[in-house]
Structure formats: structure tokens, C-alpha cells
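What follows is a group of structures, each given as C-alpha cells.
Presented sequentially are two complexes of chain A, the first with chain B as partner and the second with chain C.
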Partner chain A sequence: MMRRQDVGWWLLILPAFLLMTAFYVAPIAQVLAISFTEPTPGLGNYERLFTSESVQRVIVTTLRICVITTSLSLLLGYVLSYRIALASPSAQRWWILAVLVPLWISVLVRAFAWVTLLRRQGLVNETLIGTGLISEPLALVWNEFGIVVGMVHYMVPYAVLPMLASMREIDPRLLAAARGLGANRLTIFGRIFLPLSLPGLLAAGVLVFIFTLGFYITPALLGGGKTLMVAEWIGLQILDLLRWGLGTMMATVLVVAILVTLAIFSRLVDMKRVFGGGGA
Partner chain B sequence: MMSFQPGLFARGSAWVVAMYLLLPISIIIPVSMTDQRFLSLPKEALSLQHYATVLNSPEWLGSIWQSFLIAVVATGIAVLAGTLCAIGCWRLSRRSTNLIRALMLLPIIIPSIVYAIGLYRYFAGLDLLDRFMGVAIAHGVTGIPYVVITVSTALAAFDPRLEQAARGMGASLMQTLRWVILPRITPGILSGGIFAFIHSWDELVIVLFIASRDVFTLPRRIWDGINENLDPAMAAVAVLLVVFTTALLLLDLALRRRRAE
Partner chain C sequence: MSAAGHALALRGLSKRYGSFTAVADVSLDVGQGEFLTLLGPSGSGKTTILMCIAGFVEPSEGAILLDGRDITALPPERRDFGMVFQGYALFPHMTVAENVAFPLRVRKLGAAEREAKVRAALDLVQLSAFGERLPRQLSGGQQQRVALARALVFEPALLLLDEPLSALDKKLRAELQDELKALHRRIGRTFVNVTHDQEEALSLSDRVAILNHGRLIQQGAPAELYERPVTRFVADFLGKSNFLAGTVQEALEGGFAIGAGATRILQAATSTPPIGTPVLLSLRPEKMALLAEGETAENAVAGTIAGWSYLGAGYALNVATPDFGTLRVTLPTWNAPIAPREGLEVRLGWSSAASVPVLDDVSPDDAA
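Right, the complex of A and B next:
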């Protein structure tokens, strides 16, 4: 029930609500609608999920890269968060800066740096050839390897933030007590630290996975057009092939996949852990 | 009490990960100062010629200026709408406003490619393709979540009884906003503004779809540069961008420290 004295507060919400509806929700709703209406009304586009080999290949490639990227980002992010959580407060500040600076540096700059390093005449290949370790340059970029290297680099900071938040809630006296009682480091980590940090690990996994699913820029720049992930494939359908029906169908599948992932995990994890840590 | 410390292996691997995060980005600094005409490390001397190329190029300067203007307008839209919305949701605080807050987070959750293709079609009907205002609106709307998050965080630490007291003593809603609520959450608003600004300044996917010739932002020019000609001027641009982003980030950290005090 809306009370009279609340009207003013509702009016404050109004501009954002109208902007969001007119310029965000409406264009996206249109995408969903087109997937059912073009080129002919019906479920024809969705049929391609089961019949088209190229559609299936894109989905499989995307899922494979997502799973690899998520696992590696979680592993590297965990190592980093573990170190940060147990560091002294002054050291923590520096470590966190080392995570935050890459987080906010343009994704384009980072992709550019990786291209500089990994291409055929890049610094890595030149150094390896210079030292005589290899005679032919290695194919380090413009393939799936390059995509994973760049994506993991992008995602590690996102993995660190929720994990670090949950590790900080672990009472350090627990660890000290276990040590005092004679447990070795491995036991303390495996029996106390790891189980207590699991909520953060799970939240980080959800976050990284859904970000990776729809990622456009890094795969497009480091994949070199041969390894296509879903987002680049959608762009290709719309801009180059003008196949709106197919492109919007895949976009809809992408959105549904993300929302379903979120819905499943919101029963297991507190979503505030996933989105609350955005600015550290 | 003896505190628990990670072992040698854990410390070592954390350093390796930190290097993986930072070294590739820092490699662009020496590359940008190369004396060669192609992308490489400096051979004989350090040179600033590639910075000179960028700063004397009307194309690069034009794109930088355009990106800046778009980011300013977009930040204005995001801060105004986002702040008011966060305050309204905080004060009303019920099921429907929680839903509205979740709606405001959508641009972070839904991949920009989906929004970009939708907008491509939607803006064609409104004659907003390749227009300054079109890009500014798109960036402003997608910047709202950053402001809503930071302002909501700032409001969570605000005692709602202050607002009730002000209203009880006869202050109007506008007076309460102006004199009681806004001063308390200014650092949160500024933080949100900084993030919304960086968001617009760096945004590429939407621009790729809704702008082509007249609106050619800095990220768009970098994108073309990486795809077409990898020359050291790109590295110079990249360094300038990193310096700019880091400066904004440090500004934000300083604001947070002040808020914490």
C-alpha cells in the first residue's frame, strides 16, 4: 500500500526507474522478442540448438573455455587471497592495491599488453629464440591458449574480492589455537581454513563463471577470429551476416543461462557475497 | 599469542600470481619508450617520440576529448538517477524496492553484447545511432548500478533516525535531502561517480554497435589499432590510460579513507 507521505520518496526512485525501463529493459526485451519472430514467427531459431552443428560447436567451445578459465582463476585467486588474508594490515594494503589496479585497468590495455608479449615476434618468443630454447616461434596467441591466458588475467581480481571477504571472517585465533595444539600447516589448512573459506570460493566461482560466459573483448582480440565464443559469435551474426533471428536466439540463451546459474546458486550462496564486494 | 602464518610455498606462489597480474601490464611502459618504429623493447636509447605522435595527432586527441565529454555526461546521468534511487529504496525499504534495486543491478549481470545488439536495433528507430547523446545515455544507464551500490553502502551506515528527526521538526523532503542526507553520503556518491566515469571511459562493446563515424571514442580507436596496425603509439596511449585510471583509483582510495575517519 502506498501511503501519502511516501509519495515523495517514490518520486526519487522514478527517474532511475524510467531511464532503466526505457533505455535498458526495453532494448533487451526487444532482443528476446526478435528471437521468436524473425525470420518467421515460431521456435525455428531455437530448433537450431539441436540441429545446427556450428551453433553446438560455439556452445561447447564457450563452456570449455569458461570451465578452464573459472578453475584457473579460482586457483590463482585463492592463492592470492590466502596470502592477503593472513598478511599484516600494512602489507595487506599493498597486496590489495596489486589486485585493485589490474581490476580497474582497461580490458583493452590488458589485451594489448598480452598481444605485445605473446605474438609471433612478441617479447616472449623473441626471448626464447634469443636464448636458443626454441628455434621456431610458438603459437601463443590468436588461439584458445591466448584467450585463456588473457581471460584468467582479467578474472583473477574478481575471484579475489569475494574470497578475501569470506576469509577475513575467519577468526585467526582458531588457526593459532590449532597450531598451539600441535596441528601441522597442512592439517590446519585442510581441516579449518579451507572449509571456512568455501562460501567465498563458491561465490567467486559463480561470479567468474557468469562474467566469462558473455565476455566479448578479450576473446575477440586474443582469439584471432578462429576460436569463437558465444559473445563474438552473436556479434558476427548481427553485424556481418545480418542473421538477427539466430543472433538474438543465442543472446536469449546466454541471458537465460546466466539467470539460471544465479538462481541455482542463490540458494547456496548469499548473493551479497557475489555482488557486494564490487568496490572492495 | 603466536599468529598463524602461511608456509613458504604459499607465500612464493602468491608472489608468482601477483607478478602474473602486474608484469604484463607494466611491460607496456618500456615498449612505449622504444626508439624503434615497431612494437619492441628499446634497443639503444629511450625515446618519447611515440608520446609526441599521440599528443600531436588530431585523431587521437579528438577521440580522447570525445570520450571525456561522453563520460562526463554519462556520469551526470548515472549519479543523479542512481543516488536518488538508492535514497528512495533505502528510505522505503520494502519488498518492491528490493526488486527495484535488483533491477538496477541488471547491467552488471547481463553481458553487454546482449544490450549492445538490442540497442543497435532500438536506437535505429529513435535516430540515436552514431549520436553523442545516444552513447551518453547508454553509458549513463549502464553506469547506474555502480552508483546504486556505493550509495547504498554509504546509506547503510547512516542512522535513519536523523532523517526522521529532521522530518519531525518540519523539514520538507527537499530540505531533508539537501541538509541531512546528502552531506552524510557525499563520499559514497563521489566513489560511485568515479566508477561510473571509468565505466563509460573504458566501454567498448556498446560503442562498437551503436557508433560508427561521428562518434569514435578512445576505446574504439584502440580497438581498431590492435586489430589493424600494432605500432608503438598504441603502447603510449595504453600507458597514458593506465596512469589516468590509477590516478582516479587513488583518488577513490583517498575518499574512502576520509570517509572511514
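Right, the complex of A and C next:
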């Protein structure tokens, strides 16, 4: 039985709930439903998951790029968070600012910046040729490499924030205690710091992974249309080829994949800690 | 565990942070198997000294010697000292047994030996049944005992305790004080304890070192410090004390007489300061008695009760006197000669050996 005061609380979120349902959930559901009706009613679009090589290639490419991007972002982000967590409070502020500044720059600007750096006549290739290290320019952009560079750059702040939050919760006395009990730096890291920062690492992993799954602009610009990820592929199906059924099928798969990832993750970690719910 | 205490010595230890001096020229010896407590108010430098001993803080000057060997430059992980941190610092992601096994694991002991030692250490603190629990599933007192077991399991040369009982409630604190004392007797190791709780220091320690503003003020056995404080700070910090100010009037056999206003007080002493010098006497509240009609004492002062409180085992009276301000007197309740009442006129008496001359080292900003 719901108590009366509980009903009151639920009534408070009712307007927001109705608004979300009417203008967000319902249209999305409607679009996703197209995957079962176009071009003919049935599961025909989903059959393509198992039969179409091009559909499978897009999924495999997306997963591969996501896994590589997530791993690199976590690695770089972890090192960065570790450095920040152990810095003095005043240095921490500057570090965090430096991490956050890229977040405020348009993703479009950043993607084009990478293009100018990485293209055949870009700064990187020119420098390498100038120093005589290579004679032919390297293919650094308009391929998977370019996509990964751009996405890692975009994702590192998202990896740092949850990890830094969980590292800051680690009582520095635990590290001192471990040292006092005879542990060297490596042991302290491996047995104390790493296990205690694991929730943050997992949270960052899920956040970055979900983000990269649906990433559109960066792969579209740095992939040069040759390497297709799921989001760009969906856009292509719907906008250029007008295959709504196939496009929305992939969108459904994407939504389900994200929900499944979140479900698995919520089993592993207390979600409240990741998204900053109240209380300890 | 074998009785293998080690001796620690501090020589001219100082620690400065910029222009702030946390520890100033402290020299101290801790004998084999001794229980030494560093006692002082917050900011007295006691914790800094402990952190220097542990190796977490590098002294600005001075040396730390273990059995005569200079260990000042040795990092904490190579000192082999057990330490119980304030708040215990148990590893939250490890079980009790894993916590206790941690120092053995980093020393690369074999699994069988490790298990045996963990069991022995948990037995020692009576937590054998709790090995598989996580620290957060234990009470404060149990966590404290886990921290002790973890600090002792690798048979450290020295056990350092940083306010080990401060997080516990009063009753539990008294219980664990007894346990800690019994543990120290049983294993015969050298303990260095830091606290701001004077009762804990008195009841636990073989010897107490009292610190203030980074300086070592006095050290000695608890009874010695309590009965013969050298300075006003020591007398005031360790228990409660009245302070009687006066000037030396006359040298007598076995002591001297001081005058304050119209009152003359006798003080037992082996030497007499020059006539006319100001002196300060420390007089404990329990060392005075209420004098009955016609009863005499070496020192007698008349006053009126300005306030009183009932403390169960005793009464605490504030007696206003003309020459010494308000004096605090405690009387055992069970044979109190009077029923206290505000405004009652009383006479206080004490022997010349009850009070002690002390140096006045309390500056105005120390006043509590």
C-alpha cells in the first residue's frame, strides 16, 4: 500500500512525467515502431541482422571502435585522474579546469581541428616528413585511426569526472596505513588504490561506452564516409536512402544495447554513486 | 609472540612548516617494552612527533634512533613499525582476516604461516569469529581491535598509536583502555601512544611526555607528573588544580612561607627562592579539607561557598576567598562534613606538603 504522503510526492513529478511521455518517449516509440511496419509488417528488418553482411559489418566496426575508444579513454583518463587526485588542492583546480575546457568547445570545431592536424598536408605529416622520419604522408584521418583519435579526445573528460569523484572518496589515510604496514608504492596501488577506485572506473567505462555507441559528428567528419559507425549508418539509411524500416531497426538495436549495458552495469555498481545520488 | 621490545630515542627533533614551528627541539627516550604517551592539547605537536617516528613526516632537524641506529632517513615502509591510525584506516574492501594478513602479504610470507599468524593475532584481540566480516560490519570497538591486530601481526619493533580510543564512547573507551594495557603487558612490546585525553594517558602509560606549542614541557611516570608538576601548564592540563599566587616571605626549616594579602601560606620545599620573589603554588582540589570548629591545619583559609555541584562520588565546591580568588575543592560525598549550600562560610585546610610550587608558563592565549 502506498501511504498518502508518498502519493503527494509522486504527484509532484507527474507534470514532468507527462511532458516526457508526450514529447519524448511517445515520438521515439513511434519512430522505433516503424522498424516493424516498413516496408512490410513483420520482423523482416531484424532478419537482416543475421543475413546482411553490410549490417553486420557496421555493427562489428562500431563495437570495435567503441571498445578501442573506451579502453584508451579509460587508460588516459585514469592516469589523469590519478595525477589530479594526488595533486594539491590549488593544483587540482587548474587540472580540472584544463580537463573541462575542451568540453566547452564545439565538437564540430574539434573534429575539424583534428582534420587540419592529421590530413596528408597537415601539421603532423608535414613535421614528420620535414624531420625525415617518413617520406610519404601517413593516412591519419578519414579512417578508423582518425575516428579513434577524435573520439578519445572527446571522451577523456567524461572518463575523468566519475573516476576522479571516486578517487577523491578514497581516504588518504588508507594509503598511509598501507605504507606504514610495509607496502611499496606498486602494492599500495594494486591492492588498495585500484580496487577502491574500481567503481569509478566501471562507471566511466559505461558512460564512455554508451556515448561512443551513438556518436555521430566525430565519426562522420573524421571517418570521411569510408568508415561507417551505427549512427552515421542510420542517418544514411533514413536521410539518403529513405529506408526507414532498416534505419529504425538499427536505432532500436542501439537503444536496446544501451539499456542492456546499463542493466548489467547497475547489477555491478550502485547507480546512485555514479550519477551522484544523495547520501553516502 | 615473543617479548622483543626495542628502544627508541629522539634527539633534538624539530619540525618547521614555513615560519610555523610544529615541534621544537624535542629529545626523548622510550625504553624497551615501555608504554610512553605523548600528551598535549591539539596543536601541541604530539601527532607531528608520532608521524616523524613513523616516517611520514621528515624532521627539519634532529635524529630518530632505534636501538642506537639512526633511522631518520628510512622511509615508513621500511621501518617495520606497527601503527594504529586515528579512525583505524581499515581497508574497506578487505575482510577482517585480509586486513590483518595485509602486512604479512607484503612481506611475502607463505600462505600457511600467514594463516597461522592471522589466527593468532585475531585470537589476541578476541576476534577469531569475525575474520570473514567486512570492517563496516563491525562496531567501533571491534574495528579498533582489528586495527590493533593488523598493527601487531608482523611483530613490529614498535607499536605507534594515534589517538586510538578517541572515536569511541566513554564506557567503551574505559574498557578498551584496560584491554590495551593488558595487551601491552602480555606481549611486552614498546608502545608509543598519542592522546589529548589526560585520563587515558594516566591510566595506560608507564611514562607520559607532556607537550605544548611543540615543546616538551615535562616527562615522567603518571604519578610523578600529577603529584609534582613543574609548570602551571602541566598542573592544569593533567587533572584540575588551583593556583595560589604570592611572594616569598621567609625561609623555614623544610620549606618557606609566602604571603598573599593578609594570608600566610606554608610550603614544603627543599630549597627556598629569594625573599620577595613571586611564586605560584599548585594545589589539587582533593587535597584540601573542610575544617571543623576549632580544628587546625598547617594552612587554613576562610571563605564562602559561591557555588557547588553534586558529582555522585563527590561534591565540587567553589569557595570564594579574599586573597586567592575562587578555590575549587572536592569532597567525597559519603563522609562530607557539611551539606553544601551557597553562602555558607567554611574554612579550608591543607598541609604544607599538599601544594607544589610551579613555574607560571601559561600565556593569556592558552587560557581555556
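FYI, the second predicted complex is superposed on the first by the 252 of 280 C-alpha atoms of A that agree within 3 Å, B and C clash if a C-alpha of one lies under 4 Å from a C-alpha of the other, contacts with A are read in each partner's own complex, and residues count from 1 in each chain.
We take it that contacts are C-beta pairs under 8 Å (C-beta built on N, C-alpha and C of every residue); 3 or more make two chains touch, one makes a residue touch a chain.
Being a predicted model, the structure only gives us computed values, none of them experimental.
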* Asked: Touching A:234, do we find chain B (first), chain C (second), both, or neither?
  -> first
* **Which of chain B and chain C A:180 touches, first, second, both or neither** => both
* Does chain B (first) or chain C (second) touch A:80, or do both, or does neither? -> first
* To do: Please work out whether A:138 is in contact with chain B alone, chain C alone, both, or neither, and reply first, second, both or neither.
  => neither
* Contacts of A:27 with chain B and chain C, given as first, second, both or neither -> first
* To do: Could you tell me if A:171 is touching chain B, chain C, both of them or neither one (first, second, both, neither)?
  => second
* Does chain B (first) or chain C (second) touch A:129, or do both, or does neither? -> neither
* Asked: Residues of chain A touched: more by chain B or chain C?
  -> B
* Is A:262 contacted by the first partner chain B, the second partner chain C, both or neither? -> first
* Asked: Counting only touches as set out at the top, which of chain B and chain C does A:68 meet: first, second, both, neither?
  -> neither
* Of the residues on chain A, which ones does chain B touch that chain C also touches? -> 173, 176, 178-180
* Structure fact -> Interface with chain A, chain C side, in the complex: residues 54-56, 75-78, 80-83, 85-87, 89, 91-93, 102-103, 105-107, 150-151, 154
* Which of the residues in chain B come into contact with chain A in the complex? -> 1-7, 10-11, 13-14, 17-18, 20-22, 24-25, 27-28, 31, 39-41, 77, 80-82, 84-85, 87-89, 91-92, 97, 100, 103-123, 137-138, 140-142, 144, 146, 148-150, 153, 173, 191, 195, 198, 202, 204-205, 208-209, 219, 222-223, 226-227, 230, 234-235, 238, 241-242, 245-246, 248-249, 252
* Can you check the complex and tell me which residues of chain A touch chain C? => 171, 173-174, 176-184, 187, 191-192, 195-196
* **Interfacial residue positions of chain A with respect to chain B in the complex** => 6, 8-13, 15-17, 19-20, 23-28, 30-31, 34, 76-77, 79-80, 82-84, 86, 95, 98-102, 104-117, 119, 123, 153, 156-157, 172-173, 175-176, 178-180, 185, 188, 210, 213-217, 221, 231, 234-235, 238-239, 244, 247-248, 251, 254-255, 258-259, 262, 275-276, 278-279
